[in-house]
Amino acid sequence: MDRATATVSVDSFPGPKAEQRVEYHHRFAAPSTYVYEFVWDTLADAAGPFVTDVDSNVLLDFTSHVGAAPLGYNNPKILDRMAEFDLVDPLKIAGQDFYLSAGDPTEPAYPGPAELMDLLTETTERYGLDTVFLSNSGAEAVENAMKVCYDASHGKYGVTFEGAFHGRTLGALSLNRSKEVYRRRFPEIHGIHEVPYCDDRACTRATCSCGFFPNAETPSQLRRMLDPESGYVDPADVAYLILEPVQGEGGYRFPSDAFVEELAALREEHGFLVIADEIQSGMGRTGEFWAVDDYPLDPDVVCAAKGLRVGATVASSETFPTETSRLSSTWGAGDIADAMQGALTIEAIHDHDLLANATAMGDLFLELLGERELPNVLDARGKGLMLAVEFDSKQRRDDVVDAAVQRGLLTLGCGTRTLRVLPPLDVTEREITMGVDLLAAAIEDAA
Amino acid sequence: MDRATATVSVDSFPGPKAEQRVEYHHRFAAPSTYVYEFVWDTLADAAGPFVTDVDSNVLLDFTSHVGAAPLGYNNPKILDRMAEFDLVDPLKIAGQDFYLSAGDPTEPAYPGPAELMDLLTETTERYGLDTVFLSNSGAEAVENAMKVCYDASHGKYGVTFEGAFHGRTLGALSLNRSKEVYRRRFPEIHGIHEVPYCDDRACTRATCSCGFFPNAETPSQLRRMLDPESGYVDPADVAYLILEPVQGEGGYRFPSDAFVEELAALREEHGFLVIADEIQSGMGRTGEFWAVDDYPLDPDVVCAAKGLRVGATVASSETFPTETSRLSSTWGAGDIADAMQGALTIEAIHDHDLLANATAMGDLFLELLGERELPNVLDARGKGLMLAVEFDSKQRRDDVVDAAVQRGLLTLGCGTRTLRVLPPLDVTEREITMGVDLLAAAIEDAA
Amino acid sequence: MDRATATVSVDSFPGPKAEQRVEYHHRFAAPSTYVYEFVWDTLADAAGPFVTDVDSNVLLDFTSHVGAAPLGYNNPKILDRMAEFDLVDPLKIAGQDFYLSAGDPTEPAYPGPAELMDLLTETTERYGLDTVFLSNSGAEAVENAMKVCYDASHGKYGVTFEGAFHGRTLGALSLNRSKEVYRRRFPEIHGIHEVPYCDDRACTRATCSCGFFPNAETPSQLRRMLDPESGYVDPADVAYLILEPVQGEGGYRFPSDAFVEELAALREEHGFLVIADEIQSGMGRTGEFWAVDDYPLDPDVVCAAKGLRVGATVASSETFPTETSRLSSTWGAGDIADAMQGALTIEAIHDHDLLANATAMGDLFLELLGERELPNVLDARGKGLMLAVEFDSKQRRDDVVDAAVQRGLLTLGCGTRTLRVLPPLDVTEREITMGVDLLAAAIEDAA
Amino acid sequence: MDRATATVSVDSFPGPKAEQRVEYHHRFAAPSTYVYEFVWDTLADAAGPFVTDVDSNVLLDFTSHVGAAPLGYNNPKILDRMAEFDLVDPLKIAGQDFYLSAGDPTEPAYPGPAELMDLLTETTERYGLDTVFLSNSGAEAVENAMKVCYDASHGKYGVTFEGAFHGRTLGALSLNRSKEVYRRRFPEIHGIHEVPYCDDRACTRATCSCGFFPNAETPSQLRRMLDPESGYVDPADVAYLILEPVQGEGGYRFPSDAFVEELAALREEHGFLVIADEIQSGMGRTGEFWAVDDYPLDPDVVCAAKGLRVGATVASSETFPTETSRLSSTWGAGDIADAMQGALTIEAIHDHDLLANATAMGDLFLELLGERELPNVLDARGKGLMLAVEFDSKQRRDDVVDAAVQRGLLTLGCGTRTLRVLPPLDVTEREITMGVDLLAAAIEDAA
């Protein structure tokens, strides 16, 4: 498949083989979040956003495989480098008990966990975050960030935000303030307080519509909470404030300057630790390496996963506990192949100037979409290739996602009535145009 | 390297390249559980338990790479089958959102997550556990088992055991009753009660030395806790009892029949759910596929990881929540290569009769070790290839581990003064003999 | 002392005997909230608000003995009725194990716990609250309200408000969102969420200054929290919403109609239980028997104490658990003398039309105070005899309280810079005038 | 009524007036622990254990009014002193905000809260406990003990015992390990661990029947829990160990020397704080002023209530928080009349040598009872006047309690099949003989 000329073609979706596969899969699989019956044929042609399913439909995946393939499928920027790699057993290693090297440590044949950590800390150097704890998932990256902060601060409170989603394990889940279904009937850890999260990227203290700033004069809710005289949480007892720099699951919400400046001011005054959960927003997605890079707020801990292919908790060596055995994970430094793909992804972002491409292509997407007169669209927004279209109802959004799939475009929902679009970081003008055309048509279909 | 003739050879351990690698690694890595400076050279020769480090030392790894390589290194029983597999991007997939197949679903070129689940549920068929939730680690397997049980039972209490270790995320960690360092300063979920865990596999109610049975006449502590008249926990409010069929981290403790029969009797009376955490003990390690297979106790949920290469929570479809979105994980069906290695491992166990081999070789190990007059050994015990030697002190145990490494034998500690030995499931008589010789020599060294 | 002619006279405050008493008291007493060195001489003359201290100073107590003496000192409306009572031993009875009657049950010589409950349920009849659980304090009244709601609803979440104060025991304390010092280092129960509490009794959705209503169009924060589609708390899982109809400790905050109507609308939609904590605001203080009587919100549980002389949790028999042993308290039906004083207080409120007096005298207080040009006063507000003056700073407020004491007027602080005034319910014009004069002078002193 | 000649006389129990009163009471009262329809006529004759109910039955109350009347009814040792007291309003005072004195502080007419605290700290002087926090109930005494320890230790764990009962508020309730009905569906604070409580006052490590000592050689369960190397609770993180020196609700269990010595040894090694909950066992009940006085274990905090008439938390000034506002309670220094009765009770114990009487009369009770051949009695035990008879079943115990009431003797149940007897501290030989006769007859009735 030549990516430069590839086109979308859908015979029937889902086709008979997909249905067969899905039926077989669900004989054994517990109910989960399966979105539609897209069955990737891993043996078939795929290139960047173009992917072939088991019924030979060619689809344009503008979800980047739900964020797990930040450069799309079989991208030569990654795959060509992996040619050096021969599969070994085990791939899943005891990487926080033992070490490995692909041959001579000074010149390993391919990057392993150590190289991945080296590359990661380069991206967080500006914050002084020089140390990494690798784990197996985004949820584990968050759990370890929490543990690091509880240990470093001796605090008992965590501050989270309305709409937050940080994972599914019981610690991370206790931080969630998005749909209640994620937490229903599950026990939670104690001491987590929430405040509203900005839902208008252009708002000021005076025009705030989430309640974080009651009005132009009165202090923000977070400032009231932490007020040393009248507040109900002792700032010295705050283990961390955890923030998605852009809320993902909560609906691709981009906070305003006023909002972030207030967080930064309170951090300055009170000295609590800030965790940036960059699992969705990081790894170049917004046109910055980390979404928070564009903010006046320096994080103490950064959590990464998805595009990184392993979970990572990055902080300074002073913040991490020094005693061994406080943190660990059997497979903590990941799968050899995953660590390699993660390292190659970071290198590809640097080598191919993909941050600039993300910014340019994201702008193009919004511009092209904005030129159309599309029905039922309340808002189209984004930064880099973290893009969202908000509709007039949940049903409409679901209808558009379905209509798009029928036309060969894969997208996802988030929030209650928002559709998210996250093309590969090296997406081209041609692909953006193609995606906008398909999406616009789907919006018309669903009108 | 020919496994049949391979020998251990240690020049210096750790050698200069290992030290170099370790130094580089720790420039970035947070403190964790690193045991000794073993650096696997992934490009060098390795076969079953024999593995070459970056300084060309050949070692006998009787830890099976900390359990992550149940058949040792580059075992052709697995690796030959993987030849069919060409690396793709992404390897780490959104397997609870999208599906995949390696070509035609009816005849995939290699097993994927669906095939892995199919194989897994065959092993739990006797318990009626027909449904799987795949996740990224043992900790996540446990967290999801907890969630499944809270949801199914509406209960608020969990019962765990002294010495238990179930993982590091805050939910799983709340179940731990091994060393306090794992939990110090971290918040825990509420409602977890502990009772003693049997520490004498031959005990009876009358000879019990852990306190679970106070004496021959009085009820067990668990029975007292759940007594409908005088107990302090309402059995109807028990979400689960979670059990390692053999305690791993807690010191390779094999419970007695009396102990397990009491658990089974109480489950029968009160109807609570039982989670078997088989992360260390499962996948053939004890000579049964699951350690619990040899017990008169039918689990409602089985947790697996380590040798399985992905995390898995197995239960019946009736126990799992039916609503979508209650459980999920971005990479929940794992990495394609890991799922494949997991499936191939299960097949290898079946195809090569490795359960019988584990039993025979484990017996041989204990027999050969028992023939020696070894100083400072309090107990040698095991089932299948889950083997342990208990010493007179923690210091002694640590000294033996160190002395063994110097002689080229990799082992691990557990409990406070126990050394664990877990050879590959297809270990041979020759290798067992070699291992016992090295271990015996190390014990003498440390005397 | 003739109340009609009594005057305030302060020689020195605190005088030498007070200092002596306080010194002796603090040889044994743990640090607590002691406000100033007022030492009531229980043998000396006292009448309504007039009270003599051990140094023969005559003071005007406009705190009603911190709310514990709703009719002031030795009020004949109560004391004359108590003449029938001869002291017995024990006074503190096992009133939820045994019963008592002062002679013939059909005509007891004085009211006991049963009569007190009878009188109480008359005041809550309009809400259908026909059943009472008596306890020993306001904190216990709240703890039992919580227990009743957890039991009736099977819910796990509680909703509380910024600025709330509900008591000091660990359950009630978990609901507090006033000063952090009350909770610091103490464990709390889980599942409590807070939202802002109205701080402008005249506000609308559009002018809200606390953030509860972000603006005129968007839903309130509580509505967002409970939204069945996007909210983070399942309304079906809410055990209770607990509300001070007027916030006491939080600063005598009177909520707006818009605020209370939204609570009522959400209760109507979602059916959760509402607890009205009337410990400060009830028993006629606001000119209604319960402060909530003037609201469009019907409580499911009412908590009373202070003026009632015992703790009381009032709800319908359907809401209370029916199983015995779920609720109890050794001295649960109180001290015989306290129950009698509580009953006589309710009767006095009815017999002497004290609700109307509270309204008239409260209005007079605000009118007289409003006529003055007083420096540094930001707001004067109140309903009935629950009155507050807000100053420009905490220091100013403290200075006014001190200056007032020096002039013979006892008042208290609340919130951060508010002074509260709570005269006896039968306060007269003469006394109100006297109190305003003293307070105005104190405000000038502190300017 | 002359106590020296008074006799028991029961016409019908419950009589018609009692039934009438109970019916009226339950029109309003929530279900609680009401044991039988005993209705004290507070106007009728009563003397020590003899009390007249509303139907003119004269009963022998060997429950000391459920512990609330440690000297029985209208005991002149207390009542004669109370003659000095004229009722005032309020009785229930704001005793942690304001102070009081009954006239001249150097010579008050009757003892107030300060005198009560003075008397209390004399009894705890041997432990260096010189400071008191007064509250409204036993539950509040425990809640404040917990708060004091959390504050002083910065610890997060509490250790409690099987069978423990410490109160009903949610903090105290979290410590309970007696019947589950007390905790069902109520949230609890986290971090509470339980170990078995001795159930054989004569046991040794070798004969232990509760499991606390597994056998003669292995460490106790508490020692294992706190072991610095292998234990699951960091001793430095233990806020307190809370102990009933004799378990009350749990069944009048008197711990063995071996048990208490182990607690003392662990306290010595690890330095955690020990709370003695003396609510049932203190105030002379066991023949010591505090039950713990006879133990080799020095408490850091003592909780008292019941016989004391107010709640009290006694500790050293170093253990209490020094910051004001950390602890408080509106009615915290109690009701004037209650504080007076409490003080007079302590004085009566000293003045009339009631500790010696308790020991002698308790021994007599057990001796007289032991002389009989009584059916279905498994054990009779006690210390001082804290006496218990254990039967072969719960039903039997309940039958004996009922039969005793019919004969005019009031007793109570505890544990599952134990009957408790707690006569007034100044009980006489004549009364003990009378009580044993009635009890023996009741036991025969229920055979």
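Each chain carries a letter (A, B, C and D) given by its place in the written order, and its residues are counted from 1.
Note that contacts are C-beta pairs under 8 Å (C-beta built on N, C-alpha and C of every residue); 3 or more make two chains touch, one makes a residue touch a chain.
Just so it is clear, the structure is predicted and the values come from calculations on it, not from any experiment.
S.K.: Name the chain whose C-alpha centroid is farthest from the C-alpha centroid of chain B.
M.R.: It is C.
S.K.: Counting C-beta pairs in contact, which chain pair has more, A-C or C-D?
M.R.: C-D
S.K.: When the C-alpha atoms of chain C and chain D are each averaged to a single point, how far apart are the two points in Å?
M.R.: Chain C and chain D have C-alpha centres separated by 31 Å.
S.K.: Taking each chain's centre as its mean C-alpha position, how far apart are chain A and chain C in Å?
M.R.: That pair's centroid distance is 49 Å.
S.K.: Two-or-more-chain contact residues of chain D, please, as numbers and ranges.
M.R.: 179, 184, 187-191
S.K.: For the complex, which residues does chain B have touching chain D?
M.R.: Within the complex, chain B contacts chain D at residues 162, 176-180, 183-184, 187-191, 193-194, 196, 208-215, 217-218, 221, 224-225, 229-234, 237, 394, 415-416.
S.K.: Could you list, by residue number, the parts of chain D that touch chain C in their complex?
M.R.: Chain D residues touching chain C: 17-18, 20-22, 24-25, 27-35, 37-44, 46, 54, 65-69, 71, 73-75, 78-79, 82, 85, 87-94, 96-106, 109, 112-114, 117-118, 120-121, 130-140, 143-144, 146-147, 150-151, 154, 156, 168-172, 174, 179, 181-182, 184-191, 305-306, 309-311, 313, 315, 317, 320-333, 335-338, 341, 412.
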